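Shared chain: subunit A. Partners: subunit B in the first complex, subunit C in the second.
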Partner chain A sequence: MTENDFNRRDFLKVLGWGGAAVALSGCGNTSIQDGQETVTSYVTLPSFVVPSISNYFNSTCAQCDAGCNIMGRVREGRVLKAEGNPNSPINRGRMCGLGQSGVQAHYNPDRVREPLLRTGDKGETLTWDKALGLISEKLNGTKGAEIAFVTGGMSGHVQALLGNYMDALGSKNHFSYEAISPAVLRAANKKAYGMSMPRYRIDKAKVVVSFGADFLGAWISPVHFSQQYAQFRKGTRPEGRGVLVQIEPKMTLTGANADRWIAVRPGTEGVLALGIINVLGKAGISIPADIAAVSKEYTAERTSKETDVSAEQIEKLAALLKERTPSLVLAGSAAEGYAHGSQNAAAIALLNRVLGNVGKTVEASASVPFPQIAPTVGNRSSLNALNDGLAAGKYKVVFSYGVNPVFSAPASMKFKDNFAKADFKVAFAHYMDETALAADLILPLDSAMEDWATVVPEYMAAPEGAGSNAYAQMSFRQPMMEKVFPDTRGVGDILLALLKQRKADEYKPFDDFYSYLRNAVLKNKVALGGKAGDDDEVFWNETLSKGIVPFKGIAGSVSAKASAAGLKLPAAADADPSYPLRLIPAVSASMRDGRNANEPWLQESPDPLTTSVWDSWVEINPKTAAKLGIVEGDIVEIASRSGSIKTQAYLFPGIHPDAVSVPVGYGHDAMGRYARGVGANVFGMLDAVYDKETGELALNETSVKISKTGQRVIIVKEEGPAGGSQAGKQKIAVQVSADKVDLSKEV
Partner chain B sequence: MKCFLRSLTLLVGLFFYASSHAADALPTLTTPDDVGPVIEQPIEFPHFRHAGDAKDGGMQINCMYCHTYARRSMVAGIPPIQKCIGCHQSIESVRDKPRIQKLFEYWDAKKAIPWKKVHDLPDFVRFNHERHIQRFYFQQDRPYQEVCGYCHGNVKAMTVAQRQKPITMGWCASCHQKDHLVSANSSKTGHGPNDCFTCHK
Partner chain C sequence: MSVSNLLENWSEFRHTHPVDDKGYPDWEAYPSDIKWAMAIDLDACTGCNACSVACYAENNLPVVGKEKYSHGQAMHWMRIERYWDENDSGFQADQGARFLPMMCQQCEAAPCETVCPVGATNHTEDGLNSQIYNRCIGSRYCSANCPYKVRYFNWYNYPEQENAWPAPLNQQLNPDLTVRTKGVMEKCTFCKQRTYTARNNAKTEGRPVQDSDVQTACQEACPTGAITFGNLHNPESQVAKQWQSQQVDLIKDVQEKDEKEGNRLRGYRILEELRPYPSVMYLERVRESAV
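Let's turn to the complex of A and B:
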């Protein structure tokens, strides 16, 4: 057997060494690739461009509605990355992951590239002239009342043009819709403080009690609030290190950062606020009579019973608020997504009055003196109005821009069917999303990095100092590079072309939206902070290079007269035994309402709490899961009265045992290769329950039941086991199984 | 014994296998073999006419008049056509030469000239022109033809450029190990950086 000892393994060894020798000998000149590629070469080049060195252009982020000011890093004619603009009072040089992904919206391979027309089941491409001609043709003989335009929240000169276009058509049907809208907060603030968006000063507060406001993740202007939060947490601050208490049934990113996280029974946030007021009154804080009349019923015992928060916890919280002023109490979407959401928000706002925070940590903001460019905010009730009109066959021609209601409307609204009733639907589209697929004519848009626009933020952050209650700003969005796809157009350019069809003479001087915008800005030079004698060209160039135009707004003032009149909180209803659990649709920091779902960085960046990627999940409390026999990775069916979805179960101690939570924004069946078929769309299964005062969709009012499907998967997630060993083989924490953890008792 | 024989067979096999490639594995520095391929360019640009010595009919233009980014940036850069036209619009004597006609064709069509890369390093290598020009041209005050020529060869005698040096890691390192004067007015010396990260990042 000696000869045969030189077996296969030895043979492979020789081959292996030989292979290595070949690889080593390959390190000669062969790796230089002369003459294969072309050099970056130009015909003309501005003197500030040096190949391999970046230039920065100031612009405005378009990924969410906060309107952060950004700088785009541009090298050799390509935008590579966005950074925050350090001179911005909103984001102060910082940016979030959602904003960073803006370049993926810009370079996205699934962007619509040319105008498309639906003929029956098929589509065909057509030229812009034909597309715009077709719109003109369809509008001829259509009355203004039969035309509707649905958009997201808007502001600036694009909005001004849209307003002019609607006037030219004689239509008053501009519907402004946001799938996730703080509409309840706006209304409650208006009542309590006299303005819908006062400025919150987390950085000035000693204690922040947030009723479900995920201000570090997805609430209003998260990058701005994160900056404030960083100040708030500094021990070197004159006020000392701040304490954050988060009260919500499902732990958000902000909840995970809090010193104390309190799992309240879903929907009883208002009760808890009144309970705290009651305890504060007993502790010697003077409570105005009208508030005392409402809060006196809510003793610590009763509140504890209704909210699932122990009386001791409530007393501790009241003591903390009494001891440290000023504090700040915030109401967020988790407290507002109910039929009595406005009542919850009103009760929470009372706390700020009782604690004397109004004027200290709730500051006045300015309003914009130019109504045409002032922000128009969206809400669900306008979608309902549009839907009702469509169902009644009132609208013949419908335009949509920047919204995706076919995806985000609850199935029970039958929006898709009603949308189909309109004769001619035009979608201004970036992607072939669900709404664009249901349209007849699709007009491809420039990305936010190719287009001109001005943005006036709804939440008006202001620099420190006197006169901040009169500070207003307009931000510029300017192209950072040539178009990626040559046949797309800016929304302003399209609206201008449409306006020229109606009012050729008035808009003749403007070749494109750029010239319209330049003219409009220069006409108001003095109001926008310039001097009458300034040279137009110099003023315009300086404005663009800064990207931010501060101007004098109408100074506002906050009123500390939040009244308890008419405040009535319903007793917590007993759960329907056939649908025993409360569904809390979660708005995650990266996915939001799903409009950016086709940007792979957002799909692959782990959710901060579950670390799950590329899929939806349902968060279930381990106690509830144990009762139902569910383990992590079980595919479960979540059924409501209005629909059902299937997704993977994730056992999560940071959720109230009576609630389950599924993130929104996943589950597209169109839009593009990265979004389609990833996860499940929770919007569709929501019950059509609305806040009684504002008509906003009550996101958290859907009751569900959960059943196992029998399938099980391994959840793709970043996290390892809690307390896992590190390199030194030392346990860093005692491992506690998920069903033993009770986060509300910690800290 | 069996084991010894087996290892011996393996070792001998390995030796022969490796030695058959030894000639490729150890390139010597700067031999005629290092000269790169002749690369066909869209316009046969006469470097000798622009940069050559006056006695050879050249105009002795500094390399960095056209490759203007070399002192400011990682890349030396190809001048935009604008720069060529800047001079050539007033040089009537050569206007009807075929190469100049071709140049004006590109200019009139506003099309960039698709020049091919002559020194194309792999993407995992970052070579920085600026550092070398600043050190040897500005600080040591050496003649530009020597500074550029050390890597690019005697370009002033070429028409289109051709690679003259191996431009391999060993070749780069051989120079980085030498002591060079820190500046023209100093007798201090220092050698080039030797960190992997300097070029591979």
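Let's turn to the complex of A and C:
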């Protein structure tokens, strides 16, 4: 420790006070500086604090929306590391790198530390009283319809408070926005299975065919699916080792782990699905008449021609699906990012019906009986609605929390300009990101390791056994230590203070969000798995120490009614000669939509496929690159009709020759020292093309051209000069064919 | 460094690593009932990097930034290597990429140990290849001699001059181990701070160490459970069971099963033929050819 410029006095403060604060309530807005908390010396430490011995507090990860249950390792009043909670049905004790980096969000030196007010180009700090007073002032005389609140996906008691606040303001303008969301999938699932988020059972399938669902990387609940995948790959399983086929134009992490990775022409995933159904029909699988009517046109030859997948490959895949059941067919973001994305997803869902997988590997999940805390999921069409309202000057006061639309909206939306049209913009901010910079008032937030919240995950993983279709859970997020910066506040506390401005009497009993939350949980003790006679204090402590509250949800059932009615897939359009390539924005497991870009572990953690660090890149197929005369490290300009970026070229075998791919999440011009100026922001140059059914931005519909700028760099990457080659014939990363190995007796 | 010094080192080394008359390590005379070892299933590994980030969090590894990374100075004790299938027509991607988590293999006859002029890297009685930071003079001979390239040198004073943990990021540092300074070599320790705690706890309770006592940080994080870690001398440990069922013998440089026709087991060790007797067994990645 002495090697750091660690302030000993601060250290002791943390030692003495942090532990006590966690023991008492760990929350509240009182701070040590106010002298309102008692200093506890080492002599009378709480019984559970032993110097040098770690305590673990159960909480919930906030790095993405999967809601993994975690344990924070806390020593001497400091949280040091996050581990998975072994009792969680979601992540079962495991964690991804993104989740691990949550501690770097917590201790980040670039966090906003005090409320800030911007007047023109000048900024000043102000007290919380003044900041909240200013909001009250601005809201006076503003009609409910003129107030908008934009957030990411939400759930739990913070959402309940936000709902109450919006009601108090008389506003219905809560926009839930996620830059990368499975919105098309939700709608397609609703149609095909009768529920938007059924439970997928990769672990029960003998074959998984995934049309661009990166379930090991960045899709829905990757740590949960990784757990399932581990089961799926075990040769000792009654079903034997599972086979994974990934169909996508740009190889994702899941594609990199497939037994067969099939590079499909971008946008023709639905055609391929129908082609497989056609071949299955010919092989003697009975195809319902409505589906056969659509699939009969898609012979192997025609499908092959349209999708660029060989007829032989289609036949092989159909043969495998026929032979090994149950299987599971997944539709992911790569198949959905088109104007006909919903149609693609619908065609892919038909495969599960034809193969009889519904009910076997597509299982019902429960819905949450408490609408106030049930997850509100985000999408991009809600951002369009907000943007339209802003453009029309409908909103005078706009709040934003947990989203960064100025960064992640396509330039053609002119979101930044429209945002500026609102008179007063309040950003609840962790970093000074692009959206916070465009706001008038910035309210600094507690980190997820300092704050209280409850989380109800959208994807409801359930423990094995009967009643899993009625299993629901709520997870606690609790402070693990005293605040790093004394003047930040929890989002719940801010909302509560704002509510008190409106409904002082109703919220008077609650000093802070902690007391509100505790009261709300205890009031519903019985519904949350307690008994009416349980002591409140005991129930609360036990619930909190477990971190997971299972409760009885409304049992769902999946229906195999996926219908081909109205299904019509467009023929692949001929490429526009001036923009001949398709741009596929890639969502990586660590960078996601870019909200965590200021965590240095993630910047230095190589992209698994290109092994690149600390920059963007564009993946180009070596054949395409040869045609264009591009070599690795060339700085190229990628131009669409809506914008352009410059970045380094990486020659990549895992991409279709008609496509190029750039990762999203890079290219911040604000946020902090680790994010700013690193790479290029690909969101800006996306064409405004939308899925016809859901109105979701079609992420893969942008056509581009590539030109060399004449500059060249050496790409900073983990991979050595030999590329991916294993020099010589030594046994390094060895691969064996499944028929050459006996997995049945492994331990 | 004189020859006599070197020979003295070697004799000292062999004293704690007894060999039988054929030159193989002699387990009968091994000084401890613990031999830490690992097994990594490459069919389960997805290359997601969770292990690597967990290692940064656990072991106080500095983030070096783009420029130093480009100089090959990244300090990732646990790294994921990525390979492509090769055939005559060049790189093929249609069976995905191959991922290989690579960290110190904790060799029983470690090539790095014998070349250290000051004995900063030596063998512990529980079978680890250890690095004594405050004895290290930074000759980097060990790194030059390591066939796996898993030793990382502190070219800079990361905590102070490079400000690798600007406050308050430094509060995340794990107090169970040091932050290394300029001029010393470092590498994967199999989370020594964890194994020592486990050993001490077991000793206090008067029982042998069990699997449930300790996990390395990478193993604990791994979303697919591809990493197994434990005491190879305990036949009840999962890692010992795996090594045994795969017929990989720690003290052999050529495994008998590999000599036989029709071997259907997939356990192997990397660069085994160099005779470092690595303590990490990998399980070959499996790919279905029927599709």
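Basically, the second predicted complex is superposed on the first by the 676 of 747 C-alpha atoms of A that agree within 3 Å, B and C clash if a C-alpha of one lies under 4 Å from a C-alpha of the other, contacts with A are read in each partner's own complex, and residues count from 1 in each chain.
Basically, a residue touches a chain if its C-beta (ideal position, glycine included) is under 8 Å from a C-beta of that chain, and two chains touch if they have at least 3 such contacts.
Just so it is clear, the model here is predicted, and its values are computed rather than measured.
With both structures placed on the common chain, the touch criterion links A:A575 to neither subunit B nor subunit C.
Within the superposed three-chain model, A:R78 lies in touch with subunit C and out of touch with subunit B [touch as defined at top].
Once chain A of one complex is fitted onto chain A of the other, the partner contacts of A:L45 are limited to subunit B, with no touch recorded for subunit C. When the two structures are aligned on the shared chain, A:T611 is found in touch with subunit C, with no touch to subunit B.
Subunit A has more of its residues touched by C than by the other of subunit B and subunit C.
Taken together, the two complexes place residues 5-6, 14, 52 of subunit A in contact with subunit B and also with subunit C.
Within the complex, the subunit C residues that touch subunit A are 42-44, 46-50, 52-54, 56-58, 63-66, 69-70, 74, 76, 79-86, 90-100, 159-160, 165-175, 178-179, 181, 217, 220-226, 238, 241-242, 245-246, 264-266, 268, 270-272, 282, 284-291.
Across the complex, subunit A meets subunit C through its residues 1, 3-7, 14, 52, 75-76, 78-84, 91, 93-97, 100-101, 103-104, 106-109, 216-217, 222-223, 226-227, 229-230, 233, 235, 241, 243, 245-246, 251, 253-263, 316-317, 320, 484, 589-590, 600-606, 608-609, 611, 613-615, 622, 653-654, 673, 678, 714, 716, 718-719, 723-726, 730-743, 745-747. Chain contact summary for the complex, subunit B toward subunit A: residues 2, 6, 9-10, 13-14, 17-18, 21-22, 24-25, 27, 34, 36-37, 39-40, 69, 72-75, 77-78, 80-82, 106-107, 110-122, 163, 166-168. Residues of subunit A touching subunit B in their complex: 2, 5-6, 10, 13-14, 17-18, 21-22, 24-29, 31-45, 50-53.
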